[in-house]
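The following block contains the structure, expressed as structure tokens.
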């Protein structure tokens, strides 16, 4: 009895999650517009089918995937590189790794505002600095051709420390013997990195990328604070699009369907990753 | 004070029976050692009495009252844990005082903590935190905490396991009188037969969840109920040989490595057992240079000291190897010497080969 | 392993310097901007040396923004206060509800507990709007929209899973024997919980609380959807402030500094627990 009593609050939170979730699933099968309540009704999977012929949906899917792929790959490479630089646990390295946590602890929406100030075409320090290198008329987030680059840059600034801190913990927890043996045998550094370090680090890399992948494909704060999905529909990722469908176009059914698709994608991605994670962890621990 | 009764207590985790029909009575003021190999169910038994697990069947009574289903705090049971289980965020003083179940004034608490810690010689570390204590001091603190509440039942889970050898030796001498002061019914779990014999009034041998023998220490040593019990008591452990006892002129004899040895002069044991295990303790072997009646020729393979005794590894003609433990002054010969090995008939223990149970008259050793 | 060659060391030094510049420059630059007047900010080329002014902070704290068009009332301090109130209340509630539940999950293996833990973890990765948008409609019906209680309650979706997962690990690390020993001395489970388990899991509870506070503070989308201007925290408030104040860049920078300072200080204070908290224990793998 006691354990059930103690977990009651947690159960309530679960219900507070699950009820809206089921509601969203139901909405996604309805024609439901807040401004036209009398039209509300069950329409099966029509909302979903409509997406197939809707270029806006394909744009959303494409932008979301490109955004996710670029942020995860960049953050992974950069995070791994920094973790390797800070690998030896000296006081200086520890201090650097703590300082690098600060961007991660900045609210992403606020981080977007910081970068907005720095990339202001009129006085922004970054605009000025690239001007010194002869790049003028670089409009950052307000130009369709560079908007994606700008928000990816902010995402990289905020979230690279996340990958770095996880991989650093992983690197420092690796057993020393394989590396000492390799050093004694004079094995080349590149071989050690690709054949010892990376495989042993693989479970950490998978975990870190999964966390980032799932957060990144759902990114809202940075993009909304920076451009609200613009310029035009240039940064209409899933959650921004769903937000606008709901509040601007008051089309609840469509918004819910969009989010259900996003939820499905995150589920598929996490399943793939968890399977690989288990396999790689087993290998890293020496079971075939 | 109250007696502790276990009435056919059973407990299984999945297919593993940790307790199987355990029945045992511990009188107030009595110390019963629960002894057996690890994994035999000793700790699970204590934890059922303490209320961390409930038995699947059977009953546990303290002072005639069943405590099954009662929360731990209402069982009147004190316990000292093998890993001490001290509260890391409290000083030794606070740890000990926390064991006082009765609501007493702070002056009373202080005086009782002082007296129990004086008894256990830890007054000087009362202000220390557990991490600042040596293992021996931790153990004494844990004991003080268990004793201070005057529990009706005191459970000690291998309390000397994690302390060093010197302290273990001292505690073995001190503990019996210390525990008897409390007049609690004491169950003392140990994996060391010497400790069990030194501390307990009675020993309950627990193997694979069953109590295979309960008795006074010397009783169990002299008349082990089975080969398994015989092998658990004694270091070096008992010598075993396969023999076929035969009646010869009203006496019971057997051949060991070609030599006929007398097992019983008046043949009270039936001989129809066929092949048996013969067990003789290393201490009961007598080594001589000269041949005598019933002496087995042997070669000394090696000699090694052990516990102030000399242990001889002997090899008989058929390749059987036995150990003999001799006081140093009884030493004869050196390695590679040929000697003759004898033992008194009452030192011979016979066990059924199939069941491992001892066969023969109950009063065997005492008759000698 | 050891790049002791001179070239290697120079490379690593330069690389580290670049990393530090990239990640620290924005914070330092915004901090500098917050002490500059608009004229100083708009100077080209920018000056590293300038005469610092506290005018931006004074304007924010007094709530009076002087613009060319006249005085503008700003509620940024109210947003800051909202952030404190909402985050603290959410964390306190989550601790109150979550620590006993974490204890139950750690000490009793029961199916409901496993299901709850799994559900909370899997929805940690679900799109927040999927839950929030329908919830906002429910909130309108229940009258919880734009109330402090309503926002504190949805913040439980952030704080409670975090507290459950971190604190559960700490409870699992406490030997059950220690609690048994306390109970055998005549104490109830509740006393064992409050006097043994909670103090021993103290560092974990503190860390989980701090992290939850940071994440509640940094949250943007929950309040964007559920709160109107006078209930909004700084994350939403700062965005509104940017729109409202237009070109008062000094004040914007000061507002940003005020918004991020509390969490950055907490992060520095609790940094050694961050790894565990950020990965919900996944690093232990």
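Order as written gives the chain letters A, B and C; numbering starts at 1 within each chain.
Keep in mind that, in the parts below, a contact is a pair of C-beta atoms (placed from the backbone, for glycine too) under 8 Å apart; a residue touches a chain by one contact, two chains touch by 3 or more.
All values reported here derive from a predicted model rather than from experimental measurement.
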Seminar exercise, completed: Farthest CA centroid from chain B: chain A
Exercise. Whose C-alpha centre lies nearest the centre of all protein C-alpha atoms?
Worked result: C
Seminar exercise, completed: chain B to chain C, mean C-alpha position gap in Å, rounds to 59
Seminar exercise, completed: Expressed in whole Å, how far the mean CA point of chain A lies from that of chain C is 18
Seminar exercise, completed: Chain-centre distance (mean CA atoms) for chain A and chain B, in whole Å, is 62
For this session: Provide the list of chain C residues touching at least two other chains, using ranges where the numbers run on.
Result: 189
Exercise. In the complex formed with chain A, which residues of chain C make contact?
Worked result: 1-2, 12, 15-16, 19-20, 22-24, 26-27, 29-30, 33, 41-46, 97-98, 100-101, 103-105, 107-108, 110, 112-113, 116, 119-120, 123, 125-135, 137-138, 153-154, 156-157, 160-161, 164, 189, 214, 217-221, 224-225, 234-236, 238-239, 242, 249, 252-253, 256, 259-260, 263-264, 266-268, 271, 274-275, 278-279, 282-283, 285
For this session: Using the touch definition up top, name the residues of chain C that touch chain B in the complex.
Result: 175-178, 180-189, 196, 199-200
For this session: Sort out for me which residues of chain A touch chain C in the complex.
Result: 2-4, 6-11, 13-14, 16-21, 23-24, 27, 81-82, 85-86, 96, 98-111, 113-118, 120, 122-123, 125, 128, 157, 160-162, 165-166, 169-170, 179, 183, 189, 192, 203-204, 207-208, 211, 214, 218, 220-221, 224-225, 238-239, 242-243, 246, 252, 255-256, 259-260, 262-263, 266, 270, 281
Seminar exercise, completed: The answer for chain B against chain C in the complex is residues 50-52, 71-75, 77-79, 81, 83, 85-89, 98-101, 142, 145-146, 149, 151
